[in-house]
Structure formats: structure tokens, C-alpha cells
Amino acid sequence: MSQPTLTLGELRALMDQISFNRLLGLRLTRQHRDGVTVECPIREEYTNLHGTLHGGVTAALADVAAGFAVIAHARGRPVATVELKLNYLAPIHGRRVTARAHLIKAGSTLCVCAVDVFTEHRRLAAKALVTYMLLPAPLK
Amino acid sequence: MSQPTLTLGELRALMDQISFNRLLGLRLTRQHRDGVTVECPIREEYTNLHGTLHGGVTAALADVAAGFAVIAHARGRPVATVELKLNYLAPIHGRRVTARAHLIKAGSTLCVCAVDVFTEHRRLAAKALVTYMLLPAPLK
Amino acid sequence: MSQPTLTLGELRALMDQISFNRLLGLRLTRQHRDGVTVECPIREEYTNLHGTLHGGVTAALADVAAGFAVIAHARGRPVATVELKLNYLAPIHGRRVTARAHLIKAGSTLCVCAVDVFTEHRRLAAKALVTYMLLPAPLK
Amino acid sequence: MSQPTLTLGELRALMDQISFNRLLGLRLTRQHRDGVTVECPIREEYTNLHGTLHGGVTAALADVAAGFAVIAHARGRPVATVELKLNYLAPIHGRRVTARAHLIKAGSTLCVCAVDVFTEHRRLAAKALVTYMLLPAPLK
């Protein structure tokens, strides 16, 4: 796999440009050779009827982590999610949840990430496979 | 498939008890014999870099629509998402997006929904398969 | 969606060129405006420990049905499976099983099919979402 | 994760009882604490139009590897595939292909495996997530 072409600072600046990511409070905490780690605070309003993290937040977090793992290698091309698959393995409690995205295929058109979602006590709580497409030019 | 055991009013009351659904502004607009339709407003802060709906919102909406299709038939048992798969077919613009969930398997332990997500112009924008589990008793 | 560019006869000839499809005994029984129906005999050697159809045969059948729905619209471009998701809804018994693939997105690069798998008594036994890619030129 | 309750020999005997696995020539080559490795020969008749391994064989192999990782921990309970998701990452050539299944959740009802499929040159060629259900008693 080639080196990432964006720095952690550039990725963070991009994260903050995406309004839904700001709304959720997502933070890109680490950049790895093959991906990124993204953290999401667990706020009162992110919970479901069981008082645990809403599955929609977990899905959004996995999608974003995969997206940034792809963007880091995309050499400036815009990207779009093609499909997302998530297995929920354990309920998520606590103050924060993190997603570690691994870029497992970096193609010229399609990129695939495996994402592990962890509770703050490092329990594996969800596992995702996410496909992104590199677009030739900005979506309109 | 058996008749739903909750009314539209009861489902709506439940929708409003889930804080993340309230945060997104989700509204259960219709109940069908085999499922429900859930609507999500598209607010400025739900967009991504392309100015279209963030994939995480679409995933959350599909998860919630499937969940309520299951809850309507669950005879009071609590439910939890087992896994979710979503294909993004077209970018979503406009003022609102809707998800129509069809309960395609109503088992005693597992329920499966197929979900169609439509733009406000009734274009099919995403398609999901979502598995829920009926729990014996409330999650703690 | 545009008209298919291959006839039923051409699709059947192609089906017979693929050795694994011949091994399974797959037969393209119908062409629809938006897809195809493929039938698989259930032979003694396709069963699992329960005496029902092996999940791998169901997955192969769904993949092939989706592939032919795509090929019918691909104007001669070669295709490859990108990803496949299948929910098993009921055990499959009997003498044959059929898959009806619906092309729900026919893009210039990616095509997506929803596939319904039925028992010979027309019970919905599995549901799949399958993504194919149209390749610029033959794979080597 | 608890210790497996079946030995490699017992798993192999079971593999040979499943007629479709025998038809494909699947061989359980290794047992790991958290799963198994299953090998499939690549025969002439397993190929597609590109001369590479048919996607249906890869899917069947991933399903079987996951199934045996689950069976090894199932304490004699019968199992059934709930759902399967597979991303195809690279075409598969050569004489054999292997799948390494990791049991990532061993619940009392649901088990989830992550499966890596490798070419004979150890290139990651596909990645799967597979959910199995432990049944209370034999399927009829």
C-alpha cells in the first residue's frame, strides 16, 4: 500500500468541514499507515431505548472512519460510499466509542475498508466492511 | 404474517422516546401491514462534503425504519439490531428522505427487513437488508 | 432502465460457457425487462448436514442470477462481482430452487441487483444484494 | 473465548459428511484457538468466464470456514447460516484457495465470524462477515 498523501492535520481539517461529523462530535485521533482511528463521544442524545448507543451512530462512525482511511490515500479525488455492512457484536456504553478503519483494498476505482468499533474498555463492539468509490471529479 | 400488535400512535410515541431519533427529527409517517415508512428531514447539518445527505444519516434512517417494522410485530419484546447492510444507489438531495421497511421474515428470534430509501422525488436512493433479534427481556 | 442488449438465447449460451454453472446445472429460465430468473436443481450432493440446500449453493445461485441480470445490460463489457450479501430466511428443500434478480441500479461502472431466492413452492427463502462492476476490458 | 470442544479429527469427519463440501473437495487444514482454516482445490470446472475462480465457490468456501469455526465451539448444537457478506478484492488463480475463519463473537444464540480468503501466494483475495445461529435442536 502506498503512503498516505494527506497529513493528520489535513484530514482533521477536512473532518471539521463535514457538518454531520461536527454535529456528532467526531474526532480523528490517529492516522495509521493503513487507515485512521476516529472517536465519537457518547452523548445522552445518542442513545436508544436500552440506554445504549444507537445503531445509527455506530453505522455513521464506521462509514466516516472508512471514508477517511480512503481519503488519506485518494490523492485528492472525491469519494463516495458504495455500500456498508455492519455486524453489531455488543451493546456500547460509556463516554466514547472508537472506530479503527483498515484499508484492505486500494484500487484505482474501488477501495474497501474493514472497520473495528471498540468500546472505551477496548471491547470489540462492531465490525464493518465498507466499499468506497473514487470519483473522477466532484459530485454535483 | 400476523397483524401488527402496536398502533401507529403507539409506534409514534415510542419513536419520540428514542433520543437519537428525536435529534434527527425522524417521523413515522405510515404503518403498513408488513412494515412502516419513516421520514427524515434533510437539514444543513446532515450533509457531507458533496452537499448531499451524509451516508451515516441514511444508514441510521434505514436501521430505525427496520427497527419499527420489527417492533410493530414484536408483542412487546425488546429488539436489537444484529446487522445492517446498505447499498447507496444515488446521492440524496432535497428537503426530506423516506425509508419504507418491509418485514420479510418474522421469526421467533430473528426478524429481517428489506428497506427502500427514497428521495423526495421518489427515486430509489438506497436499499438495505437489516436483521433484528427479539430479546427475551430488556437489555441492561 | 434501458432495454437488455442480449437475447435469452445469447444469455443461455453464455451460461453454458461457464464451467461452474454447468457443474451446478444452472439454467436461465426467463429474461425480464429488469433482470433474469435462474433455476438450480437440488441434487443429493448439494445438501448440508440438515439435508437441506447448502448455503454455498444458494450464494452461488444468487451471484450468478445477479451476474446475468447485469450482463444482459452490459453491452458486451466484461463484469466482475464486487460484493455479495445474502440473508438466509428459510431452509430449502425439494427438487429445485430459483433466483429472480432485479437490476436496481445500472450505472456506467457499478450495477446493483436485488435477488429473491424461492423454493419450488414459491416461498421466499433468501434475499440478496449483489454489486457488480463493469470492466473496461477483459480481466487477465 | 472458550476452548473448542471438537478436535481437528472430529471436525474433519464432519466435513466429509457434508456432500457439497465433498463435491468441492474442501479440506479442513488447521484448527486455531479462534477458528479454522479450510482449503479448496481450484479445478477447471470452478472457473468463470475470465478463467478465474467463480465467485460462488469463494462464497461457499467462506460460508463453510465460518460454519466450522462455529461448530468447533457449539458443544454439539446444530448450526445454520443466518447471513453472509463477502467482498471480492482480487481475482483468484492457481491451484488452491484457503479461507481462515476467526470467530469474533461466540454468543449463546448468534455467532459471528470474520473470514479472510487467500490465494496460494497469500494474497488477500476476499473478506467476509458471516453470522451463524445455534439451533436448540436439529432442523427438520
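Should a chain be cited, it is by its letter among A, B, C and D, assigned in written order, with residues numbered from 1 in that chain.
One rule holds in what follows: contacts are C-beta pairs under 8 Å (C-beta built on N, C-alpha and C of every residue); 3 or more make two chains touch, one makes a residue touch a chain.
Just so we're clear, the structure is a prediction, and the values are computed from it rather than from any experiment.
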item	value
Between the pairs B-C and B-D, the one where more C-beta pairs touch	B-C
Chain located farthest away, centre of chain B as origin (C-alpha)	D
Euclidean distance of C-alpha centroids - chain C vs chain D, Å	21
Intercentroid distance (Cα basis), chain C paired with chain B, Å	28
Interchain centroid distance [CA atoms averaged], chain B/chain D, Å	32
Shared interface positions of chain B, touching two or more other chains	82-83, 85, 87, 129, 131
Partner chain A, residues of chain C touching it in the complex	82-83, 85, 109-110, 129, 131, 133
Contacting residues of chain A [partner chain D, same complex]	85, 87, 89-90, 104-105, 112, 114, 124, 127, 129, 131
Chain B to chain A touching residues, read off their complex	14, 17-24, 44-50, 52, 54-57, 59-61, 63-64, 67, 78, 80-88, 91, 138-139
